[in-house]
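Next up is a structure, given as structure tokens.
A, B and C label the chains in the order they appear, each numbered from 1.
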Amino acid sequence: MTAWARFCRNRLALLGLVLVVVLALSAALAPWLAPLDPARQSLIEKRTRPGAKYLLGADEFGRDILSRVIYGSRVALLVGVLSMLIALVGGLLLGTLAGFIGGWLDAVLMRGVEILLAFPYLLLALAIVAMLGPGVLNTTIAVGIWGVPAVTRIVRGSVLALREAEYVGAARALGSPGAAVLRRHILPNIIPGLIVYATLFMANAILLEAALSFLGLGVQPPTASWGLMVSTGRDVLLVAPHVATVPGLAIMLAVLAFNLVGDGLRDALDPRLRGG
Amino acid sequence: MLTFVVRRLLLAVPVLLGVVFVVMLTIDLLPGDAVTLMLGEHATKDAVAALREHLGLDKPFAARYVDYVGRLVRGDLGRSIQQNRPVAVELADAWPATLELTVAALLIAAAVGIVAGIVSAVWPNSVFDAIARLASLFGLSMPIFWTGLVLIVVFSLWLNWLPVGGAGSLSHLVLPAVTLALPSVAMVSRMTRSAVLDVLGEDYVRTARAKGVGEAWVLGKHALRNAFIPILTLLGLQSGQLMGGAVLTETVFAWPGLGRLMVKAIFARDYVLLQGAVLVFALAFVVINLLVDLSYGLLDPRVGRQG
Amino acid sequence: MRSSSSRLLLGLLVLGLVAAIVPWADAQKRGGTLTIVRPTDPVSLDPNLETTAPGAWVYFNMLEGLLTLDDKMQVKPALATSYEVMSPTRVRFKLRPGVRFHDGTPFNAAAVKFTFDRALRGTPPARWASLAGSLDGAEVVDDLTVDVVTKEPYGPILRTLAMYCMGMVSPTAVQKMGADFSRAPVGTGPFKFVEWKTNTHVIIERNPDYWGDKALVDRVIFKVVPEEGARMIALQTGDADMVLFPSPAQLPALRKDPKFTVHETTGIRVVFAGLHAGMPPLDDVRVRQALLHAVDRKAILDNIMEGSAGPARGVLAPGVFGYKDMQLDRLYPFDRAKAKALLAQAGWTPGPDGMLHKGGQRLSLSWVAARGRYPKDGEITEAIQAMFKDVGIEARVQVLEWAAVFQQLRGNPLNHHMFTVGWVTSNADADYSLYALFHSKQVPPTGWNTSRYANARVDALVEQARRSLNQTEREKLYGEVQDIIAKEMVWIPIYTTKEIIATRGTVKGFQIHPVEYNLALWKTWLDR
């Protein structure tokens, strides 16, 4: 049975996949999907309840919450995907270095990875953003750096295992350069693990971006970010709970979607990884 | 056992020195940035230079590092730029609140998570198992700052059972601790379920069962004992994440701890205070990991002897 | 005639009796802890270092000056019992006998001299020194008589001495505590200091040895709750008895609910978006005028302030001596076309991205603001940011803690085009504001001319008005100053505050003051 077939048998994972596709479409088609300009203020229509004109209501500046949630999906996915790339590239680099060269470099890198893996990531991200200053790009960097150690460990583990494997030794003996060995033998082996990790990482990246923005240290107004929307909605929690509730639900659904898909992929791609 | 503790504590020193090194280096690698952020983007060169000198940033990195570590040894963390108070005093004021919150959340996570996990493992694929697994998925997916707001609306505003924020009594602790614990409850229950399931599938457990030993005995004697080490490791890791989450929870519930202090330090561009706060978190983190390792030793004497 | 007047007299008598009886019916209770939630922590509790509200709210209850302003803005005696004008530059005060500071030090003429010397001759001088005009210091006449001396004839001297920040400090405590005094001040007031936990709370308690009517509550806790929503919930659930800066959106409901009391009075603070007139492109008056046309002040007032503030008709609030309506709505109506036309005159034309450009440069303004320092300051900043965008101006807003914003505003040079702040004419005399804010020599750190406004005619007028003791002449001079400023606006005035404080219904006896800083809590009591 193929991995895809196994994945499709998992109804929750399929639901997650549908949600991810919806999210991706909303991000890609935001300008066409959003009924209104997300930055357009109409002060007189502040805090309008959900209704015909504003399907999900309006926020404290009379901005359309639906449009802002749709545009917010762009920010969430953009930060998620870019930070994932940072994590993958950084992790591949460090992991192969540690695995191939070994020795003291490996020891130092892995000790650092261990520390970073266990260090509370929100604090790390906060520290990075504090140094770089807030903004979409710096938030992305902060989130990306957090993913590097885990990828490093996955890559290094596979490199070590494969280094011992006979066919890699044979390839090397035949004079294949390191890069070719990496591309032909090592990458294909670690891709399933990385895909699972990357999917679950997306979920956490979205959470982390939302948290930073909620604290006022991530995406800055007037850009629509879900975390920021919850933060401003908090001030009118009593009179207009929908302002904070709607973007919070959006965060939850997006994170849930990637978690479901990630779990499903893990079960489908590598049943041995189950339960971790 | 004692040598084990001492060795582990000594190992913590390079970790802390490393944290200081990384924090200071990060500030250093971004020349003038910290200072420019403090002064605004059109700050004149003179003003930037003057502030750098005032903060001691004009000295070479190595000198500042040695200087800071030297003062650190004497317990001097510098003076907060904004509050003009010793950083050590600010931190000493704030950390008990964070400790209280994290410990409470950890206890909730351990108690609820382990019980739910065991029940799920003993009756896998039961209705309870399905509900618990779904709930843990949501627990992992909900942003805790938002969960906190929802809990405030329900329990403080509608039901008026619990205070909305601040610290002081046990009732103030309930909502923030539950909010903070939720993702960890989810993690712990997942982990417990799979660890107990694994052990229940082992040969010796099956042998014990075949011998007619009672189910409760099997669970207590074999399954839980062996499942305990991975669970404990996870709890150690989770306490680190809880400290991170405390930043959000403290903000939502106006809980006067380190996390809130740290966010304020960032907004106020108070790098001296920020550096101190990061250091305290790192120290707490090292201590927690030490405690986890020590409890391995207690549960499994071989670890202590080997270490 | 005779009978009607005697009937009137009788009526007045009855009224007076009723007025005297009503407080009896509502007998004051002693004791209890009053919990107050407010958005920010103080910078310091020493008036020398802190003249803004977060600190003043607290120290106003611990430190007393020679005079004070009552809630009708009239000067009333405090630590002084009487005064006599000796010469245009010298006022003699008789001091209240038998008063002691919280640490037991006797209050006397030497303490007055010490307080003024510390503030005016210290390095650096007190934050309020620049607000005290020509005040030069005090001279001891005898133990309970002191002369307050000014460098030149100074019209607003009595109102100045009645300001909230002119509290007397204990000389022994200052000498003993050094820098720590700023975190635990010692005065003569009805409350004394207990504890300050940074970013959490400040606690003060009743001074049992107070010379006057002793405070009714045992303790007051000032808690920091930065989020407006959380402050309001705290009030609803009873975690807090009093909310400073309540949420405007909830006031209508609170006013109707007998469980709460909304205390309101017209304030004397103007909240504005300040413009740095020394920094291009804002050095061009047409650009500044365009910014005023670009902002829909009425929409902000109606929808963000929601009735909790009045319109700003100028740089002063209507209750201030010397105020003149600057006719801003006539001079600078909300008119995007007008704004764009003025900007075009200044050379700013739309680029391909829809934003305005000049010589390849985008019209982009850096803006520093706090959130939660003034009612709705963060929201106003964000609303104006959107209104600017509608005419093609980019505003890059940096939100910082108030303490950090304050530090930048007090610093020189100021490195931002714009800043969101409020200004309160604490002694209700135009001199206080027009001199410190618009005189070209009053650039920080000397004064408060954060806009770097410079106009020689304005300088001359405010100096002349300050020296004059003729109030009619002063009023005319201040009118002219405001006419000039109206043409060269360096502010976008947004609103005049209403002072609004919401309390639970159990809080009695509280009297709100038009000056935000004068949060007097000693007559407040708790009915529970």
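Please note the rule applied: a residue touches a chain if its C-beta (ideal position, glycine included) is under 8 Å from a C-beta of that chain, and two chains touch if they have at least 3 such contacts.
No experiment lies behind these values; they were computed from the predicted model shown.
*Asks:* Which chain lies the greatest distance away from chain B when centres are computed from Cα atoms alone?
*Replies:* Using the mean of the C-alpha atoms as each chain's centre, the farthest one from chain B is C.
*Asks:* Name the chain pair with more contacting C-beta pairs, choosing from A-B and A-C.
*Replies:* A-B is joined by more C-beta pairs in contact.
*Asks:* How far is the middle of chain B from the middle of chain C, if each middle is the mean of its Cα atoms, in Å?
*Replies:* Distance between chain centres, rounded to whole Å: 42 Å.
*Asks:* Rounded to a whole Å, what is the gap between the Cα centroids of chain A and chain B?
*Replies:* Roughly 21 Å separates the two chain centres.
*Asks:* Counting in whole Å, what is the centre-to-centre distance of chain A and chain C, each centre being its mean C-alpha position?
*Replies:* Their C-alpha centroids are separated by 47 Å.
*Asks:* At which residue positions does chain A touch at least two other chains?
*Replies:* Expected reply: 216, 234, 237-238.
*Asks:* Identify all positions of chain B at which a residue touches two or more other chains, and write them in rising order.
*Replies:* Counting only residues that touch two or more other chains, chain B contributes 152, 157, 267.
*Asks:* In chain C, which residues are in touch with two or more of the other chains?
*Replies:* If we look for residues of chain C contacting two or more partner chains, we find 227, 230, 233, 236, 399.
*Asks:* What residues on chain C touch chain B, complex-wise?
*Replies:* Counting only chain C, the residues touching chain B are 44, 179, 182-183, 197-201, 223-227, 230, 233-234, 236-237, 239, 279, 366, 368, 398-401, 403-404, 407-408, 411, 413-416.
*Asks:* Please give the residue numbers of chain B that touch chain A in the complex, ascending.
*Replies:* 15, 18, 23, 26-27, 30, 33-34, 37, 137-138, 140-143, 145-146, 149-150, 152-153, 157, 190, 193-194, 197-198, 236-237, 240-245, 247-248, 251-252, 262-263, 265-267, 274, 278, 281-282, 285, 289
*Asks:* Can you check the complex and tell me which residues of chain B touch chain C?
*Replies:* 38-44, 47, 82-85, 90, 93-94, 152, 156-157, 160, 163-167, 254, 256, 260-261, 264, 267-269
*Asks:* In the complex formed with chain C, which residues of chain A make contact?
*Replies:* Those residues of chain A that touch chain C are 39-41, 43-44, 46-47, 60-62, 216, 220-222, 234-240.
*Asks:* Write out the stretch or stretches of chain C touching chain A in their complex.
*Replies:* Chain C reaches chain A through residues 227-230, 232-233, 236, 247, 249-250, 253, 296, 299-300, 302-304, 371, 379, 382-383, 385-387, 389, 397, 399.
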